[in-house]
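Presented sequentially are two complexes of chain A, the first with chain B as partner and the second with chain C.
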Partner chain A sequence: MRRRRDTGVALLMLGPLLVLLGIFVLWPLLHAVWISFSTWSFYEAPVFVGLENYVNVLTDEEFSASVMRGLAFSAMVVPTQVVIAFVFANLVKSVSGRVATVLKVTIYIPVVVSEVIAAIVFSLIYAYKGGLLNWFLGLLGAGEDTAWLGETATALPAVAVPAIWIGTGLASLIMLAGLLDIPEVYYECASLDGAGAWTKMTRITLPLMKNIILFLLVTGFAASLQFLVVPLVMTQGGPLDSTMLPNLFIFRHFTNDLYVGYSIAAALLLFVVLGAISAIIFRLVRSEKAVDG
Partner chain B sequence: MLRYPLAALFVVATLFPLAWTAVAGFKSKTEVVATPFQFFPEVWQWDNYSRMLADEAFLRSLGVTFAGAVLFAALSLVVNSLGAYVFARLEFAFKRTLWVIVLTTMFVPAIAIMLTSFIVVTQLGMLDSLTVLVIPGAASGAQVFFLRQYYLGLPTALEEAAQLDGAGPWKIFTRIFVPLSKGAFVVVGATSFLAFWNSYIWPVLTITDPSLFQVQQYLATFRSDRTSEMALLMAGSTLAALPVIVLFLIFQRQIIAGVRLSGLK
Partner chain C sequence: MKTWPIVLTLVLVAGCGGTPTQKPAGKAEIQLWQQKFTDQEDAWYKKAVSAFNASQDKVVLKHTIVPADAWEQKMKAAQAAGKAPDIYTLNYNKVPGFARTGQIQPLDKLIAADRWAGLQKEVLGSVEYKGAKYAYPMLVEPSAVLFYRKDLFAKAGLDPNRPPATWDELVQYGKRLTTKDVSGLVTAGVAVDMAWSTWGLQWNAAGHLPISDDWSAPQAADPQYKQLLQAYQTLYKEGIMPKQPLAPYADANPMGQGKAAMMVCGSWAAGVLLSDYPKMVADIAAAPLPSFDGDATKPTATLGGWTLVVDAKSKSPQPAADFVSWLLAGDTTLLVDFFKTTRFSKYSPRDVVAQAVKNDPAAAENVWAKTIEDKIVAYAKPEPTYDFAISLAFGKAIEKALQGKDIDTALSEADAEIKSVIAKNNLAGQGS
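Coming up: the complex of A and B.
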């Protein structure tokens, strides 16, 4: 038995949602697509230019450099996060309830603290003079102090650390939820057959966690390519563009350029690909348990 | 066993930057950047904290951000829970199409529509007001999705009984669904509040009036303008992080359970 159709009242209740999404997401999206095919500034009527903006983006070495930098940044951040999350989840599962709660709460606290504060705190940790990191390395016997945010070789890894600090909490809790979903019976049976911890890990845990790990890699990848606030506050992309990640590159063009078609084309280009990848993976992972709407 | 040392390591590594921020707030102006580095201050002094708490601009930014965050959370709850209920329970024309559209908005990256959203709010005359911070982001595909999943899991017996008594969708929603949604509402309300409190980029673009500066804006401006007062900034950062940490600790059980719900289930 299914209920009658209530189109009128349904649309009324949906009204606020649809109006807000329409005005502040869908219309801006369509408008952005249109602007990406034109020369457009706040002061002039737009002129259709076809693919010119896209060609400019794709042939701009600064843009491709920022994308490569973004990939390098992702390669530092995402695997580290996933490995930490995996260790964390297994640890939480193996300790008593109270310790588990403390761990879960603790790991999530950086998620609720703002990126601006993270940027402020970490830049002071990296400070050349009186910074905590140089002091700590000095204790370990390192001779020279390093200006972590001032040198092109160290600035990007130095921005990656707060990114890991901020993002690991969410990944860890999702990993834990997946780990706790594996029926305990599997492990008990394996123990009866004489399987050791390593066999259980490689034959039960990892295969069953495959989807979750994939999900975390993809969402982590998407999130790390969109990382913006920390490098903006910490380094403004410097020194010598060494922390100019893709979103920051686009953001700088937004705020500096008179004609914004270029930066919008860059944003769309980058994220159509990224969004498509995430959406596909999202569907694949979810389809196994989807509740039909 | 290695478990408990490892657990301790996790806790220390995670909380260390924040603990250090709070402690640095008790240092003197020169001590915070002194070489050699010292974790604890020579003399614990409240001066930075009391100065921040007497700083009108800082207090105003806390107040304005708090008011905005409460309004934002309330608006998000109303708009998204109504939408979630409709998609979970009602049958209507174009349902699938509209659902796909709502889902699609989840994947639109903020940066792609940042500039055109800015054009929209400029044309609507919303710049430099709380409305520009509260209204544009309130509708969220992700939250509708989360709440809809929650509603799909609720038994239908109650509302079928209510339907037999002649209750319509409005009544069923306000009398049955809302009271049953406490846990889910805590998650949506708290995450909206946190997102608002921590937002920086959108306020930077839309708020130029210093009397409406959001707390993150205040901190970032402080950092670039007053580089010699790091101890004061550390105290301010601690005070600005405190409300959201307390909020999280109060609702940690629901929020952590919510991550589980929204993750892959």
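Coming up: the complex of A and C.
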């Protein structure tokens, strides 16, 4: 009896949220799936074409290339972010309160900078003529200017740098919160047993940070695979599509195609890819409940 | 999750449908969206809209200026919500595609036949689809003019009065003019810009575009195109053109800022140079781009430009068309003022306006206009009207050449891509 009443209250409390979720997430999702089976424009009635849009997307080498490129981009961005965040968090933990505050504010600033602004600032840094980076390298004695955003070999790493810059602040603070959560007594005990810094790091810090790292990896991969604004502003996907990340690819089709079925099918397929990657990361890192201190 | 905004926006707005806007009592409201051009042009549009609103009391015309890079997004969202503007600016090359997909409505029935008199035949041809006229032409402008610095020519030991007449010369001159701070030649450097800015050169190199006239078969693998890709590859490899674009193709600022000894840009560049860099004008000359075989009567540019169209779902199609007719097909004073405002860097396809503009005493201030008209416009082709994906496939081939890839492979890949675009979009037989 008690349980039934509890369930009723829970459903009542959840009700508004479920309604909103239904209206703004579930219904659009189902509608998107439905119209992805049609050739469709805003001016003509949809024509049912079955799986044609999906076949077009899956047989389009540019789509699969953009997903692979997205993975390569994530592989550059996410591990770098996690490593920098880990080092930074340890640094902040070891310094005094006032210095730590300054450091935390400094690393968090890029998070509140708009992606468009960041993209413009980095475009100026990478500019071929009169750019800050080429000027600086010139001072160090580099002979010829490099077209950072103009060469296929350098464009993707060049776009990855602002992506790392934007995301590291939040990752660092989450990492720091995780570090501060580890009871100091563990380290004291380890010291008494004669453990060195390396042992403490590998036997205490890293195992206890596993869930934090897993969280950063999953959210980092999902976010970086969907990067849109930075490559859109900096390179428009070029040169030779070398910075054409999956969302930019879908965005280009959405804005340029006369019919929108293709871009909806591609967006849904990207959703599947993201879900699959998140599942793989969970499986690889094997999340466990944190051991309570 | 950033995929969702795209899907959600698409679906939500599609589902919502349009709601009627609040109107002032007694007067219908119609909307005009204008793509952002130069400040002077935007000011002219504002003036024109006020004059139209003052000239009649049946409708109120609301005017919105939309930045070019936000246009597609804003328009798609508005179309999805059923709130697309009644009237908007549209490029010639998009008119047939928009007509085919039912986005704009035919204007023949809304604008009287005598109002179409005196428009250039070829230009009129490019706004027609299945025998009906879907847009009213406003202006034409050649897509590619070679602007060059006479003072830098002299400094490099070149004759300032003799622009390059062949592509070999263009490359040679470019080499001599390139310094650490100044690029020998600034032109389009990314696929999306090369896709359209080279239409004239595509005609020039092969005598046709990379798709057959009826849009049924690709023609990008024509070996004649090799010389075009080779020219771009050399310019890039030799460092004559900057390895990273200094600005988008349509932006004339690199020349004004002294970063380019030669610059390929549309005729609109003249307006920017005259308005924003008056001190540079005396040192700059204009010439056509060279032909690949040296024949100066072959096209090196296409005539693009802007039209006004009426949305297919407009609730007030007649008042919307009345505005288009009032602005573009009626009294010439306001239009002549437009061509004056843009420093005579654009051309009217309407005889009576073109004549009035020519006779304007101020026309002499655009020192390049005559060269552009006599040597470029005279031989230019109209813009192609096929889907942009076709142009982009060819633009990508040029970009591959720039990045040092094999030219034959680049062309055959473009050919295959165009074939696939034709099949996926049922383009065969849609061309003329």
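Criterion: the second predicted complex is superposed on the first by the 245 of 293 C-alpha atoms of A that agree within 3 Å, B and C clash if a C-alpha of one lies under 4 Å from a C-alpha of the other, contacts with A are read in each partner's own complex, and residues count from 1 in each chain.
Criterion: a contact is a pair of C-beta atoms (placed from the backbone, for glycine too) under 8 Å apart; a residue touches a chain by one contact, two chains touch by 3 or more.
These numbers were taken from a predicted model, which means no experiment stands behind them.
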Figure out whether A:V55 sits in contact with chain B (first) or chain C (second), or with both, or with neither. neither
Looking at the overlay, does A:P16 come into contact with chain B only (first), chain C only (second), both, or neither? first
On the A-aligned overlay, A:Y259 touches which partner chain: chain B = first, chain C = second, or both, or neither? second
Taking the superposition on A as described, I'd like to know which of chain B and chain C A:N247 touches: first, second, both or neither. both
Per the contact definition in the header, classify A:P239: touching chain B only (first), chain C only (second), both, or neither. second
Contacts for A:I212 in the overlay, against chain B (first) and chain C (second): which applies, first, second, both or neither? first
Classify the contacts of A:E151 with the two partner chains as first (chain B alone), second (chain C alone), both, or neither. second
With both structures fitted on chain A, tell me whether chain B or chain C touches more of chain A's residues. B
Between chain B (first) and chain C (second), which, if any, makes contact with A:S41: first, second, both or neither? second
Note: overlapping chain A surface for chain B and chain C spans 24, 27-29, 31-32, 35, 127, 129, 226, 228, 247, 250-251, 254, 260, 263-264, 267-268, 271, 274
In the complex, chain B touches chain A at residues 3-4, 6-7, 10-11, 14-15, 17-18, 20-21, 24, 32-37, 39, 78-80, 82-83, 85-93, 95-96, 98-99, 101-102, 105, 107-117, 119-120, 135-139, 141, 144, 148-149, 152, 163, 168-170, 173, 194, 197-198, 200-201, 216, 219-220, 223, 230, 233-234, 237, 240-241, 244-245, 247-249, 252, 255-256, 259-260, 263-265
Taking the touch rule as given, give the residues of chain A at its contact with chain B in the complex, in rising order. 2-7, 9-11, 13-14, 16-18, 20-21, 23-29, 31-32, 35, 87-88, 91, 94-95, 99, 102-110, 112-118, 120-125, 127, 129-132, 134-136, 138, 165, 169-170, 173-174, 177-178, 211-212, 215, 226, 228-229, 232-233, 247, 250-251, 254, 260, 263-264, 267-268, 271, 274-275, 278-279, 285-286, 289, 291, 293
Where on chain C does chain A make contact in their complex? 1-3, 6-8, 10-12, 14-15, 72-73, 76, 79-80, 82, 97, 100-103, 181, 183, 189-192, 242-246, 259, 312-313, 387-389, 396, 399-400, 402-403, 405, 424-425
Any idea which chain A residues touch chain C in the complex? 24, 27-29, 31-32, 35, 41-44, 56, 126-129, 145, 147-152, 222-223, 226-228, 236, 238-241, 247, 250-251, 254-256, 258-260, 263-264, 267-268, 270-271, 274
